[in-house]
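The following pair of complexes shares a single chain, chain A, combined with chain B in the former and chain C in the latter.
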Partner chain A sequence: MPDIQALVNDFILKLKRRKIEGSQATARQTAELLRAVVSHQRLPYTNQALALLDAVRDIGEQLIAANPVELAVGNIVRRVLHIIREEDLTSVASAVDGLGLSTNSDDDDNFEHDDHPILSAAAVAAAARSTLRAPSLQTLLEGLPESALAPRPSSSGGDSEGKSKSAERKKLKHDVIEAINELIQDIETCHEQISEQAVGLIHQNEVILTLGRSKTVKEFLFAANEKKRSFRVFIAEGAPRYQGHVLAKELVAKGLQTTVITDSAVFAMISRVNMVIVGAHAIMANGGVIAPVGINMVALAAQRHAVPFVVVAGAHKLCPLYPHNPEVLLNDLQCPSDLLDFGEFSDCMDFSTSGGSPLLHVVNPAFDFIPSKLVSLFVTDTGGHSPSYMYRLIADYYSSDDFVVERRIKS
Partner chain B sequence: MQFDDRTRVEKAKKRAVVSQREVRNRVELFRHLPQYEHGPQLPYLESKFFHLGHIHPSVYKVGLQYLTGSSTGGNARCKEMLLGFRDAILDYSTPPEKTLVRDLTSKINSFVSFLIECRPLSVSMGNAIRFLKSRIVKLQPNLSESEAKSNLISDIDHFINEKIVIADQVIVHHAITKIRNGDVLLTHGHSTVVEMILVQAHELGKQFRVVVIDSRPKLEGKTLLRKLVMNGLKCTYTHINAISYIMHEVTHVFLGASAVLSNGTVYSRVGAACVAMVAHSFRIPVLICCEAYKFHERVLIDSICSNELGDPDVISHVHEREELNHLQNWSHKENLQLLNLVYDATPSDFVSMIVTEHGMIPPTSVPVIFREYGRDQLLFF
Partner chain C sequence: MAQKKTHRPSADDPEVERIPLQAVLLADSFAQKFRPITLERPKVLLPLVNAPMIDYTLAWLESVGVDEVFVFCCAHSQQVKSYLENSQWTKQPGVFSVATIESHDAISAGDALRVIHEHGVIRGDFILISGDTVSNMSLAKALYEHKERRKKDPHAVMTMIIKQSKPSVLTHQTRLGDDEIVMAIDPETKELLYYEDKVDLSQRLILLDKMLLVENGAISLHNDKQDCYVDICSLGVLDLFVDNFDYQHLRRHFVKGLLVDDIMGCKIFTHEIQSSYAARVDNFKSYDTISKDIVQRWTYPFVPDVRYLGNGLQIKLDREGIYKAPDVVQSRSAHIDAFTVLGNATTVGDNTKISNSVIGQGCIIGHNVVIEGSFVWDNVTIEDGCKLSHALICDGVHLREGVILEPGVIISFKVEVGQNIVVPTYSKVSLLPQPSKQDSDEELEYADSNTGAIESTSMATVMNTSKLDFALGTSDANISGKPEFQGSGPGYIWSSSEGGTEEECRQSIAPIPAGKLLELLQSKISDNNAPDQDMIITPASGELLPDSESTFGDGDDDREYVDFEKEVEATFQRGLTGVEKENVILEINSLRLSCNMEQADCAGALFHSIMKQALVAPYSCKNELYANTIKEIIKWGDLLKHYLTTTDEEFEVILKFEDICSGTTRDFAPLFSNILTFLYDKEILSEKAILSWAQEKEGADESDKIFTKQAEQFIKWLREAPEEDDEDDADA
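What follows is the complex of A and B.
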């Protein structure tokens, strides 16, 4: 499929050059690309899901490598992998259903059948789902291996030869594409879902502080404003991108009382603030947040003054990984000229006087890591959650086998 | 003065030399502070130069420098003010039928109120004025005018020399003992004492690296950075937002101060509190370098009650990056306020040590300094 490969390469190039702004856009485009990959993938008669998983994983690996800092890419790849697994399971369930009582088939992995040969198909499907989902106490006690995730689709090819074979092949693909479409829909509408909760969290005459500009925060504040809640907003400008100015402009245009402050005045002003609302770049599995640079400072100040620190983020920003040294490893160092004009200091940059190494370094990191203990509340499209609950929420969206997206050694 | 009291503001306006216009969108929280429009006073004052006879030209010059912002920093402002007063005293002659003590005091008072109109006084300047006035009052009545003047002038010279110049040298001497080879020192903004410490430590051959944290809108760190790099120090430069990123490698934080208050609160350039807070959360010692004449007995627990507001328009203007000036024509909007705080108050628990010429003390011992040395000894000799 040359056209797909071209699309993928194009997207990888965009990621590498940091051409795509914002994790929502990245997430949507990733999902669209993976949808194209799925729809163009030729599937064999057997092991359909495995082939699909391999294809997606293959592309996903390349995409993640293109910009490892943009965690939304990896999240969407994992979501799609999870979707394929889920759809495969339901199709198995329906296949078993369609076969009526022929549950004594030679299914190699649905070994529960061996124990309970007269289980109804629905129960089989439920059991299979439960193994895919988070481990429950029952499954733990039964000591089920992770075989539910092992090559399964042979079952559908097993005895229902003939008439329904090609139909089912189409069906899996069709279902997966349907589900990806739903995912794209979710990504697009996440702001609406989040901002619905705004009225419940913002009271009359509240003073809110935010730093920089996040689209989610903007929609959140707009929603509260539309419901006739009146409140004032302090915006720290968020140097060196100064996106706070853009947000201020947008809020003022909607008639909100807005005050722009410098980033350095955050500590001075936070004592008069009732709530901090910020957007995030990614939410990690331990409840830590990767957010635009400067927000850790705000979070510390908020903690010092016992001001609630609320992070609003769509579900596509939930990352199932646990961070290790995120300040360095999940950070992007950007162009120093944002901070210091090269021409201004060119006379000081004489390497010869300092023995070859430059005297002056300029650091311009893009992200901050906020540990989970500084966060009071996460607001996602599924509602408000405390940081300690994040790992569980993540288990709803991802299957644990996909946490590491890398090519498996094919046996 | 209370600027939220309308009648008082009206009265003060009538007395004022400088015509001030309030900014249109005042920040509600800071109604009690002067929020004037910056910019139009300067041409006004320039045009009135020959009409304001009662203000000495040297003092006038100092006032203009405050107004334009060409002289900033507690020490520099205090020094310039004292030198202005020194010139005024040199040229002073007691008018007939008046006594020197009374007339000179009222003269100094009028100078001071002029300077306040140009820019609110800093604590250091307030202390210096208090010193000068008490010296005038304490003059022996039997002294001749020239003797009294020369006494006062030598007092002023003494103050500048002892309380600022020598004090700085002692502070540098103390602080350098805390710098070891391999250290990474962080500083914020541009403090002259910290600059002296860093340069002298480098000259002594200590091997260390400096992180300069800068913050908008003044970007004073650039001046410091340039001086340090010119002296051959290894520097890292970044904005205050990246403080949590850079703090991992830092071993000591050195900050200057505009004033140290008696509850241990350090009143300094806005952003210092953020730096100290992040350093505190990383368990990194914060050393405040401050001359003892900047100590004040008043207390402060937040940065709102007492502060200074700078020109709000510089917030919307991003220096040298025109593409980012999103708020260029938005300052007239009624809902939009721009707040340019100049100072903030660092709570004493973020401060590990205060380095003064009297030694290195914990912030809890600031009132002890007052007690032991007394107000008089702190300022006088």
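What follows is the complex of A and C.
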């Protein structure tokens, strides 16, 4: 375990210092770390799922706290928790018969060894119930006192039973790791998956507007261009970082007709635009979007002129939390020197002559929140969805027990 | 997986991997500006927006890819060491390592660097930084420039980081409370040519050396630059500090020394950072300013809500720059204004107003308290109705009901202030007595402490009525033990330690009072009556100087040189009587500086002395004289070589030799060629120097050519000499 702990600490430090750029890289590295955690986790004979969940949740909590702005970390932690639950369910379902037998044998053992036969009987009854009622993992997680279940492995009866259990244990872990691998695969290929839909959305001779630079948007436009669609792109430069300039360079290199405009010219140009395509930082459970600053203005302009507003984002950006959740840190205020040159304005910030309180305040927020009613379409790796469909995607990817990762640990 | 992780950093910046980048962090400012607080805790551990200053410096060093940091601790070294041992810096995995070097008798940055040189841990270029620096700049470009320059010119020993920052027109000080700095920089090469941080403001005049204008094609003079006190140094800097053991202060002695005295031709360059931030906490004013910069996020990502530093609690940033740690208990009626930081587990009572302030952890603030522009450290108790404005309050202080702190007050650790006391402006209160003597100026100090005593007795009477805590002069009272006396505890009011009230208000936490500003404004207006003249004088003085001095410069020079030669000879004689060679070098160096001579002059004078020495021993024929000479040259060759770093100096030696032969001691004349050959063999003189001497003489009068003729054969041989000799010469 020490090497895992070192890995975790290393990753936490990187998150804390914001050394990992971009949601995709963060998501992939989080998933890889959690895979390592799962594969190194020593599992008890029983309640393997619970042990795994606890381990992942424990580390997940630290990761989320390390950089609360990057919601992708929390998303991946929750995805992995969901994977463990799912895999456990299927393995339980397939082993119902075997378990039914084993509970009988356990009954005997418990009566022989346990000091509190009544409690243990109740526990076993509960366990039996839970095995029969396949989907109710919840009872297993919430209700059962550990002491009641702990004696079981120590008193395991026959050899055959032990073998089958260890095989089963390995199987769960194996399945979970397989599923995480798939998740990593999904994250890595999300751009291609999204780009495949480009041809269906971008039509001949259309004018597309975007703001700033998003890798997903870039790949999306490239894909449409490769399919011989001819279209034009307006790029709002995306102050104060001016990533739009970078995107313009990349698009021109691929032979796309590109026009760069200032952020403030968006409203003037929007009437000539057929579609707005932007990237996102995160998609919230209600279909609202957290996106780089300036995009809300674009969305409002698009709504005013009835231009479709499309958000492209990988599934790892789908966050099961609501934006009004106090744990969601909606914004990140960045360095004011992106906006102003400190030297030029240093005389405005001389506190010795200005009465001690700063008169000049520079605010440089990183994100905007775009309410779901402004979004026409989400394009994720699984296809196009309307904002009202987000709840369904979230139900597919996440288990509702995991929405709050931190609370459970504290209580 | 594990391997992948370890590979990643190297993939990010392969540059750093190849040569470990080292940094020297001075965890001692060698100043007393933060007294009395620093009597109990080292300056680098004082909290700056609730994180120790050294954390900011280390975090920055870590972020720019420094691999090894050597923390030099002197005062309170144990505290610094134990802090580092328990901090994240020594525990975290990866390449970043922090080691401490301890010395107790260093009293200046110069001493510190000499100690570090003794340890021999620095292997290449290093970053020299003091442990109270806050920065977020990227160093890659400055480092690259430094390295490139070093390749071209090994004399470029240091790159100094500067930053634009306009000084206040009224007070002529930077926003950090320092005096404004005047620098002359070569606009092309960015070489630093002039550095002056103590400009005489009353004269509104600076004096530039005429040579600056002679030697440089262009000069740009700046007074809007701020020295960040971050330097990229080469190994040579340590050697310079060792050679010049009287260097103490990094800027006042080292930088100015190099610029004025031109030691070994060393040069200092500057690198100006544009948008990023770098500043050093030097006094209370800069503590205030930098704290506010941090709260305003100029130092991003080193801000309270990014968990780079501090205790790792998640601090939330609300609107208008209000930072709150998780367990803050705040009354509903309390009013927290913009740009305020509330530390963990702090309680704020009803109707309390806090603005522009930083409150530490575990503080208890009562009802109806007003705190503005103040810094309250950890575990402070402030009872109901207190008023604090622009004050600094250290750990464990207890302010009882109704205490009023006027602007600029510093209250040191664990002091307890009784009910309804008004602590006057700029006073410093500590449980420790003010040391009676700090500097050599004992008399001055004595006078100061007298006034302090008077001031404080008057205080004491006020306090007695309200059963208060400043028992004065009770030196035997329990000082460190229990400040929570029943109502009164011992305490000392420090008199202001340095400067007058002028200095105080410039460097205090509080803004400069309006009255003072008005005064300055008026004096400025009165100045403005004749400003045009001044304006002209400033640049003109630079231009005028060269003419006026150079006219009588030549005659002066000769006389000076003769004196200098005599001095060198005397020194050399002392060398004969057993004084160590290093000391002889040192003495000659200092002579050179005091007489303003060139390196070449030293070489010439020294050579003269050596030849004279050869004459001392009795000789009957020229062979004996030759033998004597050779003996002396072998004996002192090393010393002489120390000064012969370039051909110019060697050239000077040959000329000197010629002088000796033709003038003072004609006995050498017939031996000229032989000795010259010998000097060449001993690698004291290089082929290049001899050839250039011969070339020079070709066009001269017949009378001047005696010695070239004598050495003709040798020179001819040199000219035809195979190329392989060049390698040897390169060493010489």
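The rule we apply is simple: the second predicted complex is superposed on the first by the 335 of 411 C-alpha atoms of A that agree within 3 Å, B and C clash if a C-alpha of one lies under 4 Å from a C-alpha of the other, contacts with A are read in each partner's own complex, and residues count from 1 in each chain.
As a convention for this text, a contact is a pair of C-beta atoms (placed from the backbone, for glycine too) under 8 Å apart; a residue touches a chain by one contact, two chains touch by 3 or more.
Worth saying up front: this structure is predicted, and the values here are computed from it rather than measured.
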| item | value |
| --- | --- |
| Room on chain A for both chain B and chain C (clash or fit) | fit |
| Chain B versus chain C as contact partner of A:A65, first or second or both or neither | second |
| Touching partner for A:S264 - first (chain B), second (chain C), both, neither | first |
| First (chain B), second (chain C), both or neither touched by A:C335 | second |
| Partner chain in contact with A:D175 - chain B first, chain C second, else both or neither | neither |
| Partner chain(s) touched by A:D10 [first = chain B, second = chain C, both, neither] | second |
| Chain B versus chain C as contact partner of A:D381, first or second or both or neither | neither |
| Greater chain A contact set [chain C / chain B] | B |
| Which of chain B and chain C A:E87 touches, first, second, both or neither | neither |
| First, second, both or neither for A:G294, with chain B first and chain C second | first |
| Partner chain(s) touched by A:E32 [first = chain B, second = chain C, both, neither] | second |
| Smallest separation of CA atoms, chain C relative to chain B, angstrom | 7 |
| Touching both chain B and chain C, residues of chain A | 341, 344, 353-354, 361-362, 364 |
| Contact set on chain C toward chain A in their complex | 1-2, 5, 63, 92-94, 136, 163-166, 168, 170-171, 173, 175, 177, 224, 226, 274-277, 285, 288-289, 292-293, 296-301, 306-308, 314, 316-317, 320-321, 338-339, 355-356, 372-373, 390, 506, 510-512, 514, 517 |
| Complex contacts: residues of chain B adjacent to chain A | 27, 29, 214-217, 222, 225-226, 229-230, 232-246, 248, 270-271, 273-274, 277-278, 281, 302-304, 307, 315-316, 318, 320, 324-327, 330, 333, 335-341, 344-345 |
| Chain C-touching residues of chain A, taken from the complex the two chains share | 3, 6-7, 9-10, 13, 16-18, 32, 35-36, 65-68, 329, 333-338, 341-344, 346-347, 349-358, 361-362, 364 |
| Chain B contact footprint on chain A (complex, rising order) | 237-242, 245-246, 248-249, 251-252, 255-269, 271-272, 293-294, 296-297, 300-301, 304, 327, 331, 339-341, 344-345, 348, 353-354, 359-365, 368-369 |
